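Here come two complexes built around subunit A, the first alongside subunit B, the second alongside subunit C.
The block that comes next holds the complex of A and B.
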């Protein structure tokens, strides 16, 4: 028996109105008002928690900058300038947002199904790789190459996550373990591909080529809206938003989403009503991998235009954090991804102002931590409340 | 043993544990209202009351799990403040929990060592466990993994764990709810030894009259958070206790006797089949047939061992047996959660693949599972979701859920089954146990199943909820559903079933019609003896 069982076992004893239970009593106006008030209070509490924890992150960052003889007063304006102030920087923020959002949406699907896929970083890399392979090796004229490359990227990520599903449902290997370890395998595979010319390595004139691929032709680059220095952003963001909306709708409005949620909450009950855990779980993992792979494809065709060993650049990890902060709600993930995108853009700009890159990384991490802290804390508190409610319940 | 206990006369003037006007409120509910309790050394003190009478809250205050709003607790005559379980332990109070507090993956001795300070010493812990086990005649294997133990063995381990702490006052919360009759007898023998030879005190929380009558020296009866009466048990009759507990005169026959767990009526074989129950459905078609079912657990033990069972339309078949003899496996099989090594299951004449997700439900088997939290419900999804999850096709259109249909279906069931909810969108977790059970019942009956499996359907429910459940099962049978009632409460089976089958070690060892039931023979069968 797990703690959950014990906690829930107690719900039996929550004070019940004297039996026989009164007839149906659907929410009266008073109840509704009380519920609204309670919700308002909890929203206010959440906002306050975010403000406090972000303020703490900024304070610590300022302190660190001061300690390293920088000027704290210039740091945050610089981050603002790099992320939001001008059209150019805003575009940069949006470009960062797209892949993060796509990864997060995928993570939401698998997490909702109760499968904690954390290998997005590797799935992004594999997706970028398969996408690059198609983009560079397939040469038909016209538009479909781009679409094919993106599809190949999604397929690559899905295959990588498919290994996780296979290990899970065939051999019972924990998803967290296998998905995490496959990240490192993916990195090595990518590096191998980038050091062999028959695979992806750049075809250079001399011997001194780098471990990176040739540049993509303009046909396989994602179209952009607007031009520098005006407001401009890549169409990766559109793909991301459409995907997020799609997943948001599927999870809440369809029987498929219902089944996925049910599987995640209670696999035994799910089996009882006819949900095949292996089949649906595999689908969820494939979808999450495909999303990560697609994010890799978007990175490749929308920003990098060539593949390097570090193409994923933490997008997989950060996308997971986006999903965490968004509490596995695809709609919320859209906003959260924007926040993370802005942070990355601002951090990038900050490092051009003379603040050491290491410190920029620390500051970014602090802000992310501040964003992750409130949901984590609330989860802990909720569990504790549930437990003490359990005790109180056992009581009556 | 501490010195103070030796040589003190039984019933010494200073009580070991006292509650003085203890009051505790949870929101508008007063769980305990000015409760006075006096527990003396050398006695087993029963606390009798229905679900919700405040017994458990009172104990949780003694254990420091809940802080009283008013009043005080005295140990050995001295007022004390108990703010956490460690304090409680330091005052010599120990609890054997209703839901066991052992950690499954650990071995028994490791559980015993938990909470001890300093170095963990396997040898000495094992030795102490053995010593205690021997002294009290408790069969406990110190090296066994807790997960591998049966509930009875777990409780013995739990008791040894308490005894290791050498407490003055032993608190047991509904200890027999998970035990077989023989195990209960054994438990009370140990408790008697604890109070008589060692002058400890035992507090026994229960809602079973016979248990309180037979095992306790004094009894405090609680009703709706108040102490109704405190009296010596010898001389009391079941009827008197029941009257105090329920607050109205009750007939100890029929529904309520089962509800309060009184054993006398059925044992004497006097209770007639209640009116309105259809006669044994002989000649009516068989709707559920299990043949030669064999299943093996992960540890290689046989869960079902050639079980064969037939169920006719419109009858209630009571499956009696000592718990842990395959009842859970049979329930799991009919919930599509368990696969078979051998054997077949037929529902309404059609073979159903065992262990295939949803196959049983699709074939027309409704299920009220033993543990509704594990396979009956999804606590974190809404009430409406839980009501419709058995048949999503009815509330969706080409894979898209129709919110209006979901709400309509949910409201219809809520009304029909009188489920008390604040909002259909509230998580199921927020409902009381009785109402959660109604949600399961409503969902399963909504599909008009051919077969309804009710596994311990009234466990943990209060009297009103039990009456409701009982009536519903009867009504389902009257409408032609074949009901398989799996219960460890013999009274419940004798009260409801048209036919009784006995399960022992994963197979059916005997069947009899309700009117032919001979308690002695039933008891022998349950004990595994051919009769």
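The block that comes next holds the complex of A and C.
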């Protein structure tokens, strides 16, 4: 109810029946000032709404723990210990953040182009697979091979997304549908490669029982900065930050980025100014796939050091969620990815409290819903206020 | 030989029935314009709640009500977020999948239960038909619900006013809105039906087919259901055909090695998705998706 009251308050302070939000208004300077004031007031409301709904997410999680005879008083401090309290655990957080951020950056590019690629989970897996292929089969191992492996990972992800683009622009198959279905095909392709010795299956005794690849030589592992008890992080994070900054700049400051955004925002206008939707759309999809594939490569060379069927381990889905929660803003995505990374790192310490690690997924899902709720609610209220104003205006 | 056919057919039917329940629901939701990817969450929570419900109430049949209620709860969350608050349906769907998997795994470890299994119901006389009698007419009784649900769903969607409204909301929400149909309400209703039926399908998996609940029991069946709707070209007939085809492929995967054939399991697991993609690719004319599928609708927004 408080939300409703606040919204009607916002509507009341607007002096004239002109929508405060961007719209076809011919308002004078006075109206603009009043609208600005109303918006400033609503910023406080927005912050409060976020705080309340995030608090609700954690409260529900705590309630779940308490109801199942756990101790919330132990769970949350344990998660804090595992994610943020010391330099060592901060390292875990940062390691989790890197791949998420890379996936998110790619997702932002394709979503901005109006092509909703949701198949990152599969693209991560394929990227890790092609990366592993190069990292394990190209000799002699060394720095150049590492770079080559990361490039191969990006290429693998791009190829997998390229199938989506091909189906979209050749046969008109919806991107959402084909990218989703290809996730499950990718899982089986990876499984196939991992159970054939001539492809990726581990040689020797381990390969007989486990479905996994050989371990990467230390020469093709991503370098790390610092060592565990001290501040440490893998260079995957650097790749992620550079990539996020790059994409953030390209999307907001270059013609290419403008054209991509135009394609997503108004395809008709884009067509009229001569943008080739198929070509630019394919590029956007390839970039998003390449990012997801690169994230797979970073997972492989930076953390896992060998490829298993579950290497992507929800990084693709979570990266997509990061992008969507960040509302397709690369800069915001950096922060959101850090939050997700911290949650997952914190989950690693849950086992010490006797609470199943799966709680992390519950908390994460509730946090996402809590992050989605405020903007959605405000948008609905704003629309409702605008509509009632329009009705009032028509009556007058 | 006929013994093998019976075995494979029986396993194909058993594996197809849960897909069928969820498939009917997903078909209805998609016709109303929601590409519902939380069907996996609905099935999984349905499976878990079914098991818990049968354990709590000492009654397997009551478990099905629990399963349906759990699916409905997931659907209510999804419906209100996507078709009331207009949050992106894929964000909500993906999140609900994460939530369902995390929550069921968490509760599975923390809450002990002794699920019941529903009984087999044999159709008199027909059950004795050689080869096909046993697979078709000796099923756990909830399977026979499908025989009622499918024609009911067809009649409602194709012959009732409500069904016409549902389809119009999926094809052209603006026009539907102008004629006075509450677009988002219809879409919410579609999701709710999908939730109930998917919960039923999930509960069938746990307390009819297996008799207990295992971690991540649905194992992507929700996505197979989505593939089935796509494969079926958004028709009820095609959807069910897809469900039984994919259930049959799954049965082959399980049965062929035991019968001494070597096959590629990865290919068979990936088959539903590949088949659905190929169908989309090559029968584009026949397989037309609802025009407003996965597009949110806001009143008064141009």
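Definition applied: the second predicted complex is superposed on the first by the 319 of 396 C-alpha atoms of A that agree within 3 Å, B and C clash if a C-alpha of one lies under 4 Å from a C-alpha of the other, contacts with A are read in each partner's own complex, and residues count from 1 in each chain.
As a convention for this text, a residue touches a chain if its C-beta (ideal position, glycine included) is under 8 Å from a C-beta of that chain, and two chains touch if they have at least 3 such contacts.
Keep in mind that what you see is a predicted model, and the values were worked out from it rather than measured.
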Touched partner set for A:178, first subunit B, second subunit C, both or neither: second
Could you tell me if A:262 is touching subunit B, subunit C, both of them or neither one (first, second, both, neither)? first
Name the contact category of A:273: first (subunit B only), second (subunit C only), both, or neither. first
Contacts of A:385 with subunit B and subunit C, given as first, second, both or neither: neither
Considering only touches as defined above, state whether A:210 meets subunit B (first), subunit C (second), both or neither. neither
Now for A:52: first (subunit B), second (subunit C), both, or neither, which partner does it touch? neither
Does subunit B (first) or subunit C (second) touch A:138, or do both, or does neither? neither
Doubly contacted residues of subunit A, that is, touched by subunit B and again by subunit C: none
Parts of subunit A lying in touch with subunit C, wherever the complex brings them together: 64, 68-70, 116, 118, 167, 171-174, 176-178, 180-185, 187-189, 191-192, 195, 314, 317-318, 320-321, 324-325, 356, 358-362, 364-366, 368-369, 372-373, 376-377, 379-380, 383, 387
Partner subunit B, residues of subunit A touching it in the complex: 1, 5-6, 8-27, 31, 35, 253-256, 258-259, 261-262, 265-266, 268-277, 391-392, 394-396
Within the complex, subunit A is touched by subunit B residues 24, 26-27, 29, 31, 51-52, 54, 56-57, 60, 65-66, 98-100, 104, 335-337, 357-359, 361-362, 367, 369, 371, 373-381, 385, 389-390, 392-393, 396, 399-401, 411, 414-415, 418-424, 429-436, 438, 460-465, 467-468
Quick check: in the complex, which residue numbers of subunit C touch subunit A? 35, 37, 77, 81, 84-88, 90-92, 94-99, 101-103, 105-107, 109-111, 220, 223, 226-227, 230, 264, 266-267, 269-270, 272-274, 276-277, 280-282, 284, 289, 293-294, 298-301
